[in-house]
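Please go over the structures that come below.
Two complexes follow with subunit A in common, the first pairing it with subunit B and the second with subunit C.
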Partner chain A sequence: MIQQFFSGLYEMVLGRPIPANFTNDYREVVFPNTGLMLFIITLAIVILYYYVLNRVMSTGLYKTQHWVMFLILNAIIAFIIPVTQVSSNDIETHSYTYMFAFVNVVFSLILFFVFSILLKKGSVQAWTTPMKWPNKR
Partner chain B sequence: MAKLFVFGIGGTGSRVIRSLVMLMAAGVKVQNCDKIVPIIIDPDTQNGDMNRTVELLKTYKHIHDALGRREEGFFHTDISTLSSIAGDGTAKIRDSFVYDFGGINKPFKDHVGYNQLDVESQALIDLLFTPENLNNSLDVGFRGSPNVGSVVLNEIIDSPEMRFFASNFQPGDRIFFVSSIFGGTGAAGFPLLLKNFKDSRTSLPNAASLNTALTGAMVVLPYFSLEQPAAGVEADFIDSNTFTTKAKDALSYYQHHLNGVNAVYYMGDKPDKPMENNPGRASQKNDAHLVELLSALAIVDFMDYSDDELSGNETFHEYGLREDVNNVQFSHLDSETKDRIATQLIRFHYFERYYTTHLPGDAQAAYAKGVDLQGALRNEPVFRELNKFLTNPEFGYQAWLRELSRKERTFAALDLNETDFNRMVSDKHVETGFLNKGISQGAFVKELNRASESVSDRDAFKATIKAFETATERLVEEKLKYS
Partner chain C sequence: MLLKRFVSYSHTMLLCSALLLSGCFEKQPDGQKTDPEATVTTQENSAANASATAETAASAKANVNVYLEISNGMKGFMPAAAAGKEATTFQNNLLKLISEVQDGRYVSGKAFFLAKEDAQSHPVLDSVSYNTMKSYIVSGIKDDVRGTPLPAMLQTVLQKSIDQGAVSIIISDFIHGPSDQGQFISLDADIRSSLREAEHQGLAIAILGNTSEFFGTYHPAVKKPEVRRTLQGEEIPYYIWVIGKQEQVQVVTNRVLRNLPPQQAYFGFEYQKVAFTALLKEKEFRPAGVVYCSSRNADPCTSVNLQPEKSEPVEFTVALDLSSLPMSMQSIDYLKKNLKVTATGSRASMVSVTGADESIKATPDLARYSHFVRVQVPQLTANSGAITVQLPHVYPSWIDKWATDNDNNPAAEPKKTYQLNKIVNGVQALYRDQSEYVFSATLQFNKAD
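Our next item is the complex of A and B:
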């Protein structure tokens, strides 16, 4: 199910993986691994930002520019994951690989924002970062 | 709803009330009353000391009204005008902190109708008053002449203000007088008002309540001197060389004739460098003085006593520092005084320093963003009032603290020029290290964010003040560790 979800998600944007002889590798290994890693790492970074740095430690990294820095860090990681997944599974590198990495970056931005909106309420120092909405307290 | 009526008589009365307002702003608690009603009595309507105290009182009232009724915190004490205590808008007197003399702008001679008197009466007047007394215009005050003040002030008892005050005086309310003993207005006004309030045959309404009201008085003994003009120079001036003589005479009078006061407080000091000699009007704007700050504490002390404690024999209080030093810090104050004001003033000072210096750069901090503080700072008038209270060069907190540090005996407990929070309190610095920056701007904003978490108020002003109250309390307790 996870395989199908992530394969469907990436192929919806990228189309069928190429070269064609690696389609199954993408569908069975690369897409699910990349999707899962993206989900877990993004969640971890959002938790790190809101709960560790801005709740437990109160580091002062509460400004929007700090949030953007972590967003970019997550995006860089999101770019690296597909490239390393492809090469570690002995799949031939293709322009599709970089398109895949780029789409993963876009997904990382969306996911980071969504997690931020969902989780920021529990942060003491940064519950209004990047914006106050939807929290009202 | 017990009230405390504070009569601030003359320039010293105004200046002590100025210090009292600063203490109230810092959150110093006044027990046994819900409301303070200051009534400033000074015929000199242009008096600089009085006018800036009135502006300060108005600003305080705006801020207090915006924050609403609270049991503690900055600006929590309700300070109201006399007319507002009626509560139903029926007061027929001017809504002001100042007693309205109605513009007595004629010489004392005309005020008493000297020219219409027979020769014998004129001779008696000449015996009691100097030619200067007779010819000086009354709208500049009594210029250090209590003999003039005692005549003019005796008439205010029949004024609408005094009748309104008496009508609204309720059992349980208290009265406190603040006056100097060495000047004109205060020295004359205090015993006169007291005599009239305590006279069982007084024409004032509510006489029984007034007669039995618990009453305190702060009698300020000489604590400053004035520059004297050079010999032969014709100048309009108050002779400060007579302060001690006048104080002795008045004390002697008080000893035998002052009845009905439950607690009398005395405060004075050796005069330091002479101040500019301005007998009245706008130019009489003396720097704030430590004696005035400590005199304001007499009011707090008086209110600390329960009704039963005050109802016994008359008590007399004097004040002494732990050490005779020129730069007075909190550690030089008696522990009772220190406990009353030190942490409150430190917290307020931290608030003022952060608010005026760092807050404009905190647009993205949670405590500010959560209530759209930047928008509120631009649009809500109460923030302008707060700015006035803190920074106005005439009457603001900064000016007050700066003036207190300009004398020979200075109040040097808080350093206005120090930008490092760790070193602002003179007798207690925060220890810092490689990993511990003490009270840095970052630590302050963290505490503000943390404090704002527990603030449920949506109003930007209330939420901001509350956040500062909680944050400064934690910083003083946990970082400064002041005790």
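Our next item is the complex of A and C:
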């Protein structure tokens, strides 16, 4: 189920894995691993930013530029994971690999934003980062 | 209070994520599978391997009966030795052969027979010692044996070997010399009947054709215009037939006879199990187009998913282990000519056949395969089907070249045997209905989604 979801998600944008002989390695290992890690790491960083740094610890990293820093940190991780996944599974690297990493970065940006919107309400210092909407008060 | 709960909550989250990250969808190397099912199959495999090794070890030796035909027609192959006179090819080869049978490590039991006929044209087998046979070969045949009733001789020889559980090695010029000339017409049927028991017992036949210089009186089957001719070193064919269980025949051809002549024919040979796999991830055999193994870690991979496009037909390599086939069938030229790729649910064709070179032999995953067949699939006609690589039984082309309808003048038409094609046809008819293919390897395929 998870395998199909993630391979469907990535192949929707990227098309069939290239080289084709590694299709099953991508579908059964690389896509689901990368997708799950993307989801979990992004969630972890968003929680770290809003609840640890800007609630428990009150570090003063509540400005939008700090938020962008974490967004970029997450994006870098999102680029590294697919590349290491591909190479650690003995799959030939191809421009497809880097396209895949790039798409993963785009996904990470979207996901980071979505998690931020959903979770920022619970933060004490950063509830208006990156912007006030949709929170009122 | 709320704060504390949040801290512990976030800790739990981090812990969960860490666990998830480390655990999910690890690619396992083939050797380290831990699920019980896989372990069981591995054990079964190794058990099967062990029994296979035991089998080959047991069959690596053969009981051998050597039958040398000593009719007058054979005398020219074995002229009496004299100082300064070179031995004929026949003499050299035969001496090597019987010495290998006598002292070789691949022969467990052995017996030597001289095949001749009695006054009533019935075949007679004289059991002799190694030394007697050797002296016949080096110093010539002293007996006066008129003809060779070929079918009767084969039948007697075969029965003797079956009774003794031995592989027969029959050496003769295979020129039929019947008392009744009418027998020439039914030669193929007679040969077939005489060897019927071989087919019943599941025995295989290897025919090896060779030539040797011939010094002396030559007795052609066709008696006109000359009843006999005196030859001074013309090349006359002689044949070695090996009859026995397939694996034992191979022990004899590969390890006892060793240097086989290029003229070889095999009948009743069949290989139920030939190891094969589709090679999809090897750098040496990069596939083209959309094709991948249906199962990610399958080894061997016998099921593939493919999706040929108009602009990019699918092409991939099937590796086969044909090392147990007779040598002549392993030759690349032979396979190129005769190997067939057929398919249901798709159009498939063979692009090339290559043998294993040194770099392939050094690659552990590839070392167990001896031949590599490149297969092209330009189009699918169904969503699933099968692609089969098979080797049909082929009537060897040299037989017709070596056969003649008139062997009266071997000097003008060398290297021909009277009605050889008829003799071989009789043998072939025996096995015609047994199986069409020496081996076949079938790959399943599904259309890739």
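By definition in this document, the second predicted complex is superposed on the first by the 137 of 137 C-alpha atoms of A that agree within 3 Å, B and C clash if a C-alpha of one lies under 4 Å from a C-alpha of the other, contacts with A are read in each partner's own complex, and residues count from 1 in each chain.
Convention: contacts are C-beta pairs under 8 Å (C-beta built on N, C-alpha and C of every residue); 3 or more make two chains touch, one makes a residue touch a chain.
From a predicted model like this one, the values you see are computed outputs, not experimental measurements.
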| item | value |
| --- | --- |
| Clash or fit (per the criteria above) of subunit B with subunit C on subunit A | fit |
| Touched partner set for A:Y62, first subunit B, second subunit C, both or neither | first |
| Subunit B versus subunit C as contact partner of A:L36, first or second or both or neither | second |
| Touching partner for A:S108 - first (subunit B), second (subunit C), both, neither | neither |
| Contacts of A:A44 with subunit B and subunit C, given as first, second, both or neither | second |
| Partner chain(s) touched by A:T23 [first = subunit B, second = subunit C, both, neither] | second |
| Partner, of subunit C and subunit B, that touches more residues belonging to subunit A | C |
| Subunit B versus subunit C as contact partner of A:S116, first or second or both or neither | neither |
| Angular separation of subunit B and subunit C about subunit A, which is computed from CA centres of the superposed model and rounded to the nearest 10 ° | 170 |
| Distance in angstrom between the closest Cα atoms of subunit C and subunit B, superposition on A | 13 |
| List of subunit B residues in touch with subunit A within their complex | 364-366, 369-370, 372, 442, 445-446, 449-450, 453, 456 |
| Residues of subunit A that touch subunit C when the two form their complex | 3, 16, 19-25, 28-29, 32-33, 36-37, 40-41, 43-44, 47-48, 51-52, 55-56, 88-90, 122 |
| Touch list for subunit C against partner subunit A, complex | 3, 6-7, 10, 13-14, 17, 20-21, 24-27, 280-281, 286-287, 289-296, 305, 316, 448 |
| Partner subunit B, residues of subunit A touching it in the complex | 58, 60, 62-64, 123-129, 132, 137 |
